[in-house]
Every structure is written in structure tokens, then in C-alpha cells.
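For clarity, chains are labelled A, B and C in written order, and residue numbers in each chain start from 1.
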Amino acid sequence: MSPMQNPTLRLDLDHLRLGEREVLRDLHLTLRPGEWVAVVGPNGAGKSTLLRALAGLLPSGGALRLDDRPWPLLSRRERAQALAWLGPAELDGTGTELRAEEAVMLGRLPHQGWMGLASAADRQAVTEALAAVDALPWRHRPLHTLSAGERQRVLLARALAVHAPVLLLDEPLTHLDSPHQADWLRLMRAQAAQGRAVCSVLHELHLALRADRLWVLSQGRVAYDGPAQQPAAREALQAAFGQRLRFVPDDDGWLALPA
Amino acid sequence: MRTLLSHLLAWASAALLSSAALANTGPLTHTDDLGRQVTLRAPPQRIVAIGPSLVESLCAVGGCDRLVGVDRFSNHPAMVNALPKLGGLGEVSLEQVLRLKPDLVLLTPASRLHDRIAQLGLPVLALDAQSLPEVRRLLRHMAVLVGAPERAEAVWAQMQREIDAAAAELPSSWHGRSVYFEVDPTPYAAGEASFIGAVLARLQLKNIVPAALGTFPQLNPEFVIRAQPALVIVGQREAPNLAQRPGWAGVPAVRHGRVCALPRADGDVVGRPGPRVGDAARALVRCVRALPPP
Amino acid sequence: MRWQPLALTLLLLALSGGLLLLGTSVGAQGLDAALWQAPSLVTELRLPRSLAAWGCGALLGLAGAIAQGLFRNPLADPYLLGASAGASLGVALALVLAGSAGGALMAGSGWGLNLAAFAGAWAALGLTVLLSRGVSHTPRLLLAGVIVGVVLAAATQGLTLLDPSTLRPMQSFMLGSTSLLGWSQVALSLPLLAIALLLALMSSRTLDALGLGEATARSLGLPLDGTRALLLALLALCSGAAVAQCGLVAFVGLVAPHTVRALGVSRYRWLLPLSAISGGGLLLAADIVSRWVAAPIELPVGLPTALLGGAYLLSRLPRGEAR
């Protein structure tokens, strides 16, 4: 099965519900190859829910299309090879005795046979992914013995190891220290440059503002869907956060500080 | 003068004798198996007995007509079946007990109701018998309770006669043969020291389980096989399965068909230490006689 | 200390072999090598009993590893979803029916009881899945399992009260018994173990991935519902078969996976078979102890397993926060 070559992911959904509650409405979003989109908004705006919908993890799969193929028509394997999803940090790492490299190797599952035997290519991918997040020194250590930040980087590596053309990351910078946040920024830019479609939910607004595109969620809708560098983006952010932000220019972009 | 003295003496001795007779029906203090003491002003007339051994022992010494309530499992003699059944050995209906207005309640020491019933103001005695000598002691207790202490020995003597009569029915070729009595397929055996073991001993059968191993030990099946018993006595339910147990096909009893399958009703009698030990001996002998003699 | 899984497998197998040898040497007189004097004792009694006890323990170890992986809970054991309560009820029913006039069917009670326990375990599991309306929602499964377990246990109690002659056999069952295991039990449990292990190994990657969370596992393209259904069926099969032969042996299913994890095994490809081998060794060791300590009197095998298992868990109790 040949991997998808840089597909486009589209979500067209009138109502995004979580159980009985409507979380978002009027969603018409496109994630294009080579583009890094940051999803921002106040707490509870539905960012994680949106990302799950994009990953096909919610029952609303019918509204999702990969290129022109409806999501439900794709096989489980095609989906897993096309899209890598990293959940929010509280979701895991401590419930397992797996070692770091074993956890990253799980990211190769979409490419492996049912026996799950690792090929040389798989091992190569794992090593590269661990190197990219600077986690090689503890590749043999069990996840639960790592610090939260170290563990988060390993989980990131797991998502990278899938080599999927679409990357969906939910709060990937949780627990990461500044140098590694900076590393991650470079990594995301590199992934996009290679033609991948990257979408990340971020709390760190100063990093989000460095993305290619910004989706601002507020009041159950997408309040802004456009380039991140434009003033309109910052205005939308201000509105979404109740005018409690102060934007300060920086070498590379903008900093968002509490007002 | 002399006649007056002799009249006085006659009168005095009559008074003494009658008071002695009265003493038999006067207040008595009974001590039960738990060491608790209960004083009854008069021999009890309305007795509740929870436990088949207790019921049977009481009836054996003539106290059956004093019974007003028994437990669910007491079924002998026939007349107790007409009495109110007050529940199992552990869960007795206290309300029903109270309604019967007993003047004495008999329980086994294992029952947890002792304190509760005593709290309700009823005299309670905890008695039991697990071996033949204990049955004798239980009979004596019961006989004293009904005010006829001499009856205990009479019943005991009758029991001995019945055992001897049953033993006489067993062909002498069985004497000295080894026997394995299984109480439960785990396997649990009845050893020499148990009630069943005592009866088997009176039948001149040699128990493969010596007294040192306890009354009802759980055995390694290998022990039974090594002992090569000439006779095996099990419950009717287990008897057909013996040959299938690993290694048991070679046991002499199984090989020669000398397996006594005790019917369930007989199991009641054999397993219950009480005055029906004669019936128990007879049941065992009946079962063994049906087998090919050694 | 970290063991290479293959080396560990060989070691545990060797240990099991040693225990088997010991098992053939412990009998009604304690330790005695009957092989020369009475070989039939070894071939008809001690060898099949030891093998079958190992087989039972292996089934329990495997079931325990599956349960702990499926529910991400290190305290899970094979009896978790009501299987033990169902098996007990089955046995109680069979005993009560065998006592009645219509119990002629149960006359072959040796196999009748085994079948009743097995069927009971499956019925309980079916009830649990029914109650939780499917296998997809793990917390609901667990809760349903608890409910089924409690209700069936009460029903079993009620039955034993109704017919107290079942009290002692039920007690033996609840404490576990390896006394009457023979070649027919070996012929049943070992092939079953092999099949169950093979099928479980097919799900080992999914079990690994579940450690990263259910959503992640799903996003990796794993067939979660199908795998869960398979694993639950295997759980019922293994624990049902073990309970049918050896009664309710405590701790083996719980402790065996822990012993293997403590030796550094983290992936289910190794955790599953090694838990089986460890469980087998544990139950066999307990069986030997139960035969040896007070020979010719036997302890119910559940006692040494509780002691051994409890002691092991105590030794693993964390002495403080270690990072």
C-alpha cells in the first residue's frame, strides 16, 4: 500500500457534538500539505474536540475527507498511515512499562504486518524520531521512569515515527522546557517544509503566532481562519480572550502577554 | 410410747423420702459444653432443639413429647416432622422461637445464636456430640433434663446391643480388612478417631487412616492408593467415578468391586453422631454384605 | 536488572522442569523417589498431577496477563469479570441437582462438575458483556463484572444454604484442589494453553499500544473492538478451564504477570507466554508444598498460593516514592 502523497484534509461539519452537547458549529476547515496550522482559543473552546474530529476519532467521521475520499471509505490501515495523532499529555505514558524506543516503535504499527515484526526501516525510523526530539540518551529507559518533559518528547517521537503526511498534535509542548520548545518549533517548520500538513493545538500563543495559519476558536465557532502573521489574527485573538492580551513585537514575530 | 416413736420415725422417713423425690423435680443447674450455667426451676416442658443429634438424643430418652420446635434438618423420629421447623443450623427464625414460648432452647456450640437467645430471656444450653463417648455424655445431659437420669444408661446399653448385633451380621471374612471411608471427594476421609471410625472399628474393620491424622483429614490420594484398602465406602454420587481417578483402578477394593456406595439417606445416619448408631452400623453392614466377600 | 526475554524464557522453563522433577518425587510420605520402587505412582499419580497443576497455573497466568493488559490495571485477575462467581454457581447447581432424584445426569460427576464450572464461567462472562452492552466501554465492563460477581456469589450462598451437604464440596472448590488431577486433565489443559497463547499473541501489539491510551491505539489503526472481544473470549476460556480443573485458586493469575514485569519484561509478546510459564511454576510449587508440608495430609492448594503470592506482593510493596 503506497503512502498518500501529501494529501489535503477537509472537515465540513455543521454541528460538532460531544455526547449531547454541541461544542462547535459551522466548521469548514482545510488542512493543506506544506502548511502548519495552529489551533488556539480559551479553555473549553473545543480545541481538543476539533482535533479529534480531524483525526477521525469521533463519530462525525462522515464529514471528513482525505483528498476527495470520504474518511469512512478508507481502510483502518490507510487512515493510520495517512494521519498521526498525538493526544494531550495527561492521556498517557504512565500506564505502561514500555521502554522509550518500544513506545516509539508502536508508531510504526501502521506499516507493519499483523505479527508486528520490526524491519530495518522501522528501526531506522525510530532512531531518527528519537534523535529529532533529543531523546536518544534514554531510549532504553521505561517511560514511567522518565520526567514528564522527557516522556512528552518520546510521545512526540512516536507520532513522528509514523511518517504520516498529516500530523495532528494536541498540546505537544506540555512539560517541555524552553530550549525544547524552540527545537519543536524548528521541527514543525521542517515537517511542513517537507510537504506535510501539520496542525497543532497550542496554549503558547507566541509560538502559535509563528505558524503559517491560525484557527481561533471562540464562542463555539471558528472566529478566524487565515494567516497567522496578519493583524486580523491578533485582533481575533484579542476578541477570543476577552481583550486580556497585550501584543509585543519580537524579532521573529509577536509575543502575547497578559494585559 | 413405742408406737408413737415408731409412728414419728415412719412419718419422718416418709417425709425425708418424699422430699428426696421432690428434689428430683426441684431446681437444677445445668452446665453446657461452653461452660455456661443455666438454672431451671423445674424440668423443662417446652423445649426447642436446633440440631438433629440433639433432637434424636432427647427423643431417645423420652423427651420427644416436650419438643415444641426443631430445625429444618431434623427428621427422626417421625413425630418431629409434625413440629414447627425453625430454620437451618445457622439461621433460625428468632421470632418463631419466641412465639413457641419455650422454657429451654438447645443449640450446638457452633451456633452463633447463643447470646442472642439468652438476651431474649430464654434459658439456652449449647450441647453437642462428635464421638461415641460424647454421645453417651449427651444422652446423660438429656436424661437429666427430662428428670429421668437413669434412662441414659438404658439407651446406651441398647445402642451397644444394636452395634454388636449388627457386627455379628458381618461375615467374619471381613474381620481385620482395611477400609477407606470417604466423606468428600476432595478427598476427605473419616479417620479412626471420628464417630464413623469408631463404628467401623466395632465392625472389626481396620481404618487406613490412623487416629494420629485427625478425625476428617484431607488426604493425598497417593496415601489411599499406597494403603491398598480392601474396602472402600463412599457416597452414592461418587462411587461410579472411582475407577476414573488417576491410579485408583489398581486399588484392591476397586479392582474386586468391593466399593460400598452409601445411599444418601444412609449417609445421614452414618454421619450423625447420636443414638441411632445402631442404625448406622446396620446400614454399613447392609452395604458391605452386598459386596463379594474377601 | 534487565533480562533478555529469550534467556528469561529458557530460565523459567528450566525452573518449571526442575519443579516437575520435584513434583514426581513428593508423595504421601513426603520426599521419596518412588520411580524405582513403585513407578506407577509416578506415572499415574505424581507426573500427571504435577503437569496438570502446571497447566492450570499457566492458564491462570496467561489469563491474568490478558486481564491486566485489557484493563490497564495491575490489580486485575482472571476472575475479574464474574468468571469465578459463575463457576462457583455452576458447581453449586450441579451439586444440588446431583443430590436430587433427577440428578442421574450428573452421575458422571467428575466431568459433570468440571463442565458445570466451565459453563458457569462462560455464562457469567456473557452476562457481564450483555450488561455492559458490548465490549467497547471498559469501565462499564468492569462495573458489570462486579455486579455479576456479587449477584452470582449471593445466589451460590443461597444454594449452599438450601442444601448444606454441598457445603464441604463447595469449600474444597473455593480453596482450590489439585489432588485428583490426572492425564485427562493434562490432555485438556496443555493443548488449550497452546491455542490460547497463540491467539493471544496475535493481540500482543494491541495490548502494547493500549498502554499509550485507547485513542492513540485507535489512531494507530488497531481493531480495538475485535481485539477486545477476542481477548475477553480467551479470558473466559483460560480462567474457565483452570477453574473447572483446579477450583478457585487465588493469586496465581494476579501475581504471575508481576513476577515477569519485575524482571524487566515490558512487551506483551513476551509478557503473555512468560506469565503463563511463571503461573505454571507458581501453582506447581504450591501443589508440591501442599503435598509435602503435612504428608499424607494435604493442604488445600489455595493456601500456599495465597501465602506465596501474598509474600511476593508484600516484597514488591514500594517503600517510598522512587522516580
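Heads up, the rule we're going with is that contacts are C-beta pairs under 8 Å (C-beta built on N, C-alpha and C of every residue); 3 or more make two chains touch, one makes a residue touch a chain.
None of these values were measured; they are calculated from a predicted model.
Chemist: Could you give the fewest steps needed to travel from subunit A to subunit B through chains in contact?
Modeler: Each step joins two touching chains, and the minimum needed here is 2.
Chemist: Hey, which chain is the most central one here, using CA centres?
Modeler: The most central chain, going by mean C-alpha position, is C.
Chemist: Ranked by contacting C-beta pairs, which pair of chains comes out on top?
Modeler: Comparing chain pairs, contacts are most numerous for B-C.
Chemist: Rounded to a whole Å, what is the gap between the Cα centroids of subunit A and subunit B?
Modeler: Computed value for the inter-centroid distance: 80 Å.
Chemist: How many Å are there between the centre of subunit B and the centre of subunit C, using C-alpha atoms for each centre?
Modeler: The answer is 41 Å.
Chemist: Roughly how many whole angstrom separate the Cα centroids of subunit A and subunit C?
Modeler: Roughly 43 Å separates the two chain centres.
Chemist: Using the touch definition from the top, which residues of subunit A touch two or more other chains?
Modeler: none
Chemist: Across the complex, what residues on subunit B touch subunit C?
Modeler: It comes out as residues 73, 88-91, 183-188, 213-214, 217-223, 225-226, 237-238, 240-241, 244-247, 250, 264, 267.
Chemist: In the complex, go through subunit C and note every residue touching subunit A.
Modeler: 72, 202, 204-205, 208-209, 211-213, 215-216, 218-223, 261, 265-267, 269, 323
Chemist: Which subunit A residues qualify as touching subunit C in the complex?
Modeler: 52, 55-57, 76-77, 79-81, 83-87, 91-93, 95-99, 102-103, 106-107, 109-110, 112, 114, 116, 142, 145, 147, 155, 158, 162
Chemist: For a test of understanding, state which residues of subunit C touch subunit B in their complex under the given definition.
Modeler: 27-28, 38, 40-41, 44-46, 48-49, 98-99, 103, 106-110, 161, 164-165, 168-169, 172, 177, 179-184, 291, 295-300
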